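Residue numbering begins at 1 within each chain, and the chains themselves are lettered A, B and C in the order written.
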Amino acid sequence: MDKATIIVFSGDMDRVMAAFNIAVGAASSGMEVTMLFTFWGLNVLRKDRTGSRAGGMMQKMLTWMNRGGTENLPMSRFNMSGMGTWMMKKLMKRYSMPSVKELYTTAKQLGVKMIACTITMGVMGIGKEDLVDDIDEFAGVITYIKDARESKINLFI
Amino acid sequence: MDKATIIVFSGDMDRVMAAFNIAVGAASSGMEVTMLFTFWGLNVLRKDRTGSRAGGMMQKMLTWMNRGGTENLPMSRFNMSGMGTWMMKKLMKRYSMPSVKELYTTAKQLGVKMIACTITMGVMGIGKEDLVDDIDEFAGVITYIKDARESKINLFI
Amino acid sequence: MDKATIIVFSGDMDRVMAAFNIAVGAASSGMEVTMLFTFWGLNVLRKDRTGSRAGGMMQKMLTWMNRGGTENLPMSRFNMSGMGTWMMKKLMKRYSMPSVKELYTTAKQLGVKMIACTITMGVMGIGKEDLVDDIDEFAGVITYIKDARESKINLFI
């Protein structure tokens, strides 16, 4: 079975949507897909609006600024304090494009494997309890390399 | 014939230039190259300075802010209301580096296949009439996966 | 020997760290790794705080704004005039995560090949004398394509 492995580094709504569209497309085409969420991409896996309970003051500041949850991702361009993101969501709805939350559910149903990067979780002050419950694996770069070197499609988003 | 498939997600001049340089380099090296333009990357394919005739008020706002055409791409860094971009263009000229417009023409001559992503065209309020005439294909993610899983080089830019 | 080829286009500290973590992970897993530094990624290879001696006024302005050296990379998000970057560095230290400088040294020790992109060096006003001494190769896109088409993992960061 052909494999595809996608690193989701970005937490921008538009980039995350592109990542999920590709993942869902690949899984629908019969590929075995892995998504590795790292750095800002971890926001996708965070429960809505939770601040972290773990970590010191700097991490609390970071998690406060860096609000997680699939509903709270900013855009990479024209975010305009959320206005651009709000507009984009409206347009997506009108064109019956699935939201990030819906794409996440679809991806899970199609068997896409979701991995949270343990290395960056520590630094960003994100604990396992801050993340959604249906993550398949907590792992680091060595696991990623093992998947990626066997993959037909490798992307860094 | 070895294949290379590049997703051009970004509309930043520097990233787009990198994408075209790689595409032209791969085609010159005898590879079969496909570029898929999606999200902000669609700006590369837009006719200069056209506002969209399609879509409602929000899309008109989006297309007005998000000016297209190869001559109007901003930089990812130090754009400074266009000043950084202007400087970069001057420097590129002095070093006889081809512009995005010239790279596009060269890529077409070398047989690089240009695909516009239909999913994002709708959301961004971009119609076929807003894009240049020599696009090879209008397609979505399933077409991309078909190309990408057979490619030796896959990049997301 | 399986190959991995990573284009480091970005000069943002977080993205550069991701690039090095992947490179080090791949090399540790027995892969032959090449990193090609281009555009803002060239900042990683620049000697600390040097302004360029080469080039005219515009390049001097660009190099002044675009300070290089592994210790001076900004973050892609929440940089806040360096405050976010300072916080991130503190957190990385506390979690004993290696800095970019340390990752660079480790990568070199593991035999990762470092290539500086000659095309962009000219435009950015960066001369060979501005870069660190242990770069393995100065090359352009054709060399990249040769490496990349033989690689199991290709990433654009």
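In this section, contacts are C-beta pairs under 8 Å (C-beta built on N, C-alpha and C of every residue); 3 or more make two chains touch, one makes a residue touch a chain.
All values reported here derive from a predicted model rather than from experimental measurement.
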Subject >> Fraction-based call for chain C against chain A, same above half, different below >> reply: different
Original post:
Nearest 5 degrees, what's the C-alpha rotation angle taking chain B to chain C?
Top reply: 120
**OP:** Averaging only over C-alpha atoms, locate the centres of chain A and chain C and give their separation in whole Å.
**Re:** 25
**OP:** Could you tell me which residues belong to chain B and also touch two or more other chains?
**Re:** 154-156
**OP:** Enumerate the contact residues on chain B facing chain A in the complex.
**Re:** 7, 9, 11, 38-40, 58-59, 61-62, 65-66, 119, 122-125, 140-142, 144-146, 148-151, 154-156
**OP:** Over in the complex, which chain B residues touch chain C? Could you list them?
**Re:** 2, 4, 14-15, 18, 21-22, 24-26, 28-29, 31, 76-78, 84, 87-88, 90-92, 95, 97, 152-157
